[in-house]
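Here come two complexes built around chain A, the first alongside chain B, the second alongside chain C.
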Partner chain A sequence: MLEIKNLHARVGEVEILKGLDLTIGSGEVHAIMGPNGAGKSTLSYVLSGREGYEVTSGTVLYQGKNLLDMEPEKRAGEGVFLAFQYPVEIPGVSTMNFLKASVNSVRRYRGQSEFDAMDFLKFVRRQTKVLNIGDDMLKRAVNVGFSGGEKKRAEVLQMAVLEPTLALLDETDSGLDVDALRIVGEGVTALRSPERSMLVITHYQRLLDYIVPDVVHVLADGKIVDTGDKELAIKLEKNGYARYAEAAA
Partner chain B sequence: MGNLSKSSQTFIKQNKAIEFSCSEPWLEQLRKSGLENFSVNGLPTPNVEEWKYTSLKVLDNIGNGNNGVLDVDQVDLDWLPAGLETHKLVFVNGCFDKGLSAIGPFGEGIKVLSLSEVLATEPALIEGYLGQIGSVEDLPVLALNTAFIDDGLVVLIENAILDKPIEVVYVSQGSGNTSYHPRNLIVAKNNSSLTILERHIGIGDDTYFSNNVSEFIVDGGSYVKHYRMLEDGSGGVNLSTVNARIGKDATYDSFILSVGGRLSRSEVHVACQAEGAHTNLNGVYIACANQHMDHTTLIEHLVPNTTSNESYKGALDDKARGVFQGSIIVADGADGTDGRMSNKTLLLSDDAEIDAKPQLEIYADDVQCAHGFTAGELDEEALFYLRSRGISDALARSMLVEGFLTDAIDSGVDEDFRGIFINRISEWMGR
Partner chain C sequence: MVAVTETVDQVELVEKYKYGFVTDIESDQAPKGLNEGIIRFISAKKEEPSWLLDWRLKAYAHWLTMKEPNWAKVGYPPIDYQDSYYYSAPKSMDDGPDSLGDVDPEILDTYKKLGIPLHEQEVLAGVKNVAVDAVFDSVSVATTFKEALSKEGVIFCPISEAVKEHPDLVKQYLGSVVPYSDNYFATLNSAVFTDGSFVYIPKGVNCPMELSTYFRINASNTGQFERTLIIADAGSKVSYLEGCTAPMRDENQLHAAVVELVILDDADIKYSTVQNWYPGDENGVGGIYNFVTKRAACRGRNAKVSWTQVETGSAITWKYPSCILQGDHSVGEFYSVAITNNHQQADTGTKMIHLGKNTSSKIIAKGISAGKSQSTYRGLVKMMPKAEGSRNYTQCDSLLIGKECGAHTVPYIESRNKSAKIEHEATTSKIADDQLFYCRQRGISEEDAVALIVNGFCRDVMQELPMEFAVEAQKLVGISLEGSVG
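Up next, the complex of A and B:
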């Protein structure tokens, strides 16, 4: 599904990813944990094609294709989805219109028929219920005035309706209280399927209670420095990343 | 007079030759003061500080011809949603057209009619009001308008709430030298309330010059909401001056959408003259090709405890040029003033340009004043967010521009009229 080899990337003059290797199989859920500033968000931006994140060497194959060659919108069409750590506010664009434009864009790309307004509403409502999102939220401008929890729920809603093959979740659990975490955790878990791989970036293993990862990686100083199973996540939360920081230094 | 522009000289000459139908001495005096003041410097040039960014050179060859009657297609006049009832007044090249208008009946305390009719029947009704606000010495364009006072809109309302909005449509058709100078007077007193929907349109691409002036006296707890849509023809030059005087606990709110014309300048001067006076000035400008749009405002807080909130937003494409000059003056002793001003412009092409000039003059101690100005391109982060959701770069850009403008409409326009302006913006987006 996804094969990253010796990935080096920089932002401006600073090298942030320094030879990262990662392979995710179809339907697998991988977690990435690591200290602040390790390069986790940078990895998610490189994979989704954000401008200014320059790959200096290495390769990324996604379903056998060179992902790095594609424009961001093409990657989305191909099934890559990023749930942002900090979702962006878009004044004046209602969440509903945004969702519709986005779903119809990827459907067109995938050769599926586009939804009209009525069908789209039905389609969206199937997902909003699980995520506890009311129509009121859909009428509001994208992320404008949303609470932290609302923003993260809206990200999961976008993931649900865009039906990705590879979902990257960047700290979708941070800043949530217990109830919001449960909603988001259950929402994401419901989207787990044999055709869908996930890369879950998180600081805490509590999200991983809902969505049990097949593999857990530690990312420190731009590289994967350790790989294990769910037990590794529990250990990391208890002991922190100090020993990796030393190893990296 | 020798160094005045050709058009200024023409205006002066023709003004002297006109026989106005109403020649009440007070009105003659008013026109004369206008003409005299205009004659000193004529139309302003960029040498005048307030006109530094807006050149009226396009008017060099304009005359004062007015072919008066034109062939107005009724379809061109429809701009409001079906079901929205109004009192409608149509002015064709500045002259009230009774046949195209439909007003009344009105309840007690309400008079809505054309200025020409007031002057023909009861000029005394407005003698104490007309020409009372705005200084013909400082505003040459106002002086020019004053010299030609003849027709326009008059609203006098006291202790009453208008049942329907007043719809005012100015239709222009140029013939290369068409100029006209409508003068509007709106007086709202004693807890009155009214809404005005004003629209300027042009037929064809010929040059014309609309020099319109509105005086608003809003007093004693009254509320006036003034909407304007400037969609003049591609040769239209529209200079609009609004002078508003706000009294105790009264509010003058205005919203303008500027989209048409070759050149437009909307100048709004508001004086908060008694405690509790409040004004909201909102505007949106969208320009392309070689359009020039100028929004110049002056808000004066003259006494304690008055408030103002001003926000203008625009998008400029191609070689369009925008000007925003916003001044707030807080007079000595006007404590408790709260004045906010912001201006945001999206520049959609490398050749588009905005000149923004904020000016705060504060002579009181206990005030809250803030202003913010930004001009630039679309937010890269927002663009990436949309594209990461599969939306093409082109669609993402247009969604962001439309969203930016929609947001501005939402904060300046009541729900009832939102669609009118939103639709106009969508139309512009799809140009």
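Up next, the complex of A and C:
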């Protein structure tokens, strides 16, 4: 599904990813944990094609295709979705309109028919209930004045309606209280399927109580430095990342 | 339904002229140039009474003493007023070509991008109850729903017809808001205006449908000088929309219109414009000079006027729809979106003149500049000594796309009454990279993302447009910004 080999990437003059290898199979959920500044968000941006994140060597194969060759919108069409660590505000554009523009764009790309307004509303409503998102939130401008929890729930809603094949979730748990964490965690878990792979970036293992990963990786200093199962996440929570920092140094 | 079909048919008739006119149609033109003889020619063509000819000649004599204004932040080579035709009209309505086959494919392409084969048709075909006056070069070629409207006492007709059929109304109000001596371009218009719409809404009547005028410049080397006069009598209400298009040409064509609105006690006029004149090509060649004077006089108590404009076209836009708030408690509003791309220049804004007590005005202006374009908001808020308790709120936002464009805000504030309140807010921003990336990550192409973000930026203005036209205006935003990123 996704095969990353010896990936090096830099932002400006600074190399952030320094030979990262990662393989994710269809339907698998992988968690990536790691200290602040390790390069987790950088990895998510490189995979989604953000400008300014320059790949200097290595390869990324996604469904057998060279992912790095594609424009960001094409990657989205191909099924790559990123739940942003910091979702972006778009003043004046209602969340509903944004969702519709987005879903219809990827549906066009995928050769599916576009939704009209009525069908789309029904389609969205199927997802909003699980995420405890009311119609009033859909009328508000994209992320403008949203609380931390609302922003993250809106990201998961977008993931649900865009039906990705590879979902990258960048700290979707940060800034959430216990209830919001549960809603988001259950929302994501409901979207697990044999055709959908996920890469869950998190700082804390608490999210992984809801989204139970098949594999857990530790990312430190631009590389995967350890890989294990759910137990690894629990150990990390207890012991911290200090020993990886030393290993990297 | 019958009425709707009628509208569509009428417009199809007009459409035939729209494209064929450039090459094969026979038109009736005044000789090139401008002089007293030309003005007499126009007046004779229109079979005007002598008072109107005298008024035109007075305006012309005054114009000769005037200098072209140069205070606006726009630049263009001197206009040769003798190198233009001041009257051009199709000789007959049957001379159009049978097919659209010989239409410039780039124009067709533009309409295709809008999702419609023909601009006016889309707006009209999907919408009920819109009466249309279609002004083609110097004449009105069709006005729809006249009978239906006249049942309510509403007069909606070409101004040249109003001069004949309703001379008292025209004589009373023409030039009463924008006098013939007002400014260089308005004075020129007073001398040579050819057609335009006339509207009278009688006392207490809520006009049963939207009224609209479509202006089309077709003939080359021809200026268009239309004149619109709308009178809302006491307690009446009307919503009026104008749309404008012109073919693509290498030359610059002058469009110097005058619009006068008169609003009496408790009456309400909503005037919306979707201006899409040809803006010139990406190198700045050709395009319309849109030098327009629009003014509303709120003469009555509680009179209300609301100007909404979406300006996407023209090489140069010079226009300041204004409100004279004379009646106590009268209200003036100005909502504006001005988009400039490539080499377009826009200097636009409004004037709010508060004369009466407790008058209020609101200005929401959104300027979007892309390419090498320049956009200026210029606005005057004036509180006169008797404007006790009056207030104004102004919000002016500029959005820049790219590094070579400019946005400027020039507010003039003059308060001669201590109890008057004036608030002004202004912002300048750019489309942020993270906004673009966020949209693209969601599958939205870069151009669609720009259109989406800009439409969001303009939302407060767009939502003032009549619903049927808002959709068209939103599409126009996208089209006019094409090629502005990447």
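Structure notes:
By definition in this document, the second predicted complex is superposed on the first by the 249 of 249 C-alpha atoms of A that agree within 3 Å, B and C clash if a C-alpha of one lies under 4 Å from a C-alpha of the other, contacts with A are read in each partner's own complex, and residues count from 1 in each chain.
Going forward, contacts are C-beta pairs under 8 Å (C-beta built on N, C-alpha and C of every residue); 3 or more make two chains touch, one makes a residue touch a chain.
Just so we're clear, the structure is a prediction, and the values are computed from it rather than from any experiment.
In the model built by aligning both structures on chain A, chain B clashes with chain C. When both complexes are overlaid on chain A, the residue A:Met70 reaches neither chain B nor chain C.
Legend: residue contacts after superposition of the two complexes on their common chain; A:Tyr109 is shown touching both chain B and chain C. The clashing stretch of chain C relative to chain B, chosen from 55-63, 91-99 or 109-117, is 55-63 in the chain A superposition. In the superposition on the C-alpha atoms of chain A, the part of chain A touched by chain B in one complex and by chain C in the other spans residues 48-51, 71-73, 75-77, 81-82, 84, 87-93, 97-98, 101-103, 105-106, 109, 141, 158, 162. Here chain A touches chain C in the complex through residues 48-52, 71-73, 75-77, 81-82, 84, 87-93, 97-98, 101-103, 105-106, 109, 141, 158, 162, going by the rule given at the top.
On the side of chain B, the complex with chain A involves touching residues 379-382, 384-393, 395-396, 399-400, 402-408, 410. Those residues of chain A lying in contact with chain B across their complex are 48-51, 71-73, 75-77, 81-82, 84, 87-93, 97-98, 101-103, 105-106, 109, 141, 158, 162.
Against chain A, the residues of chain C that register as touching in their complex are 432-435, 437-446, 448, 452-453, 455-460.
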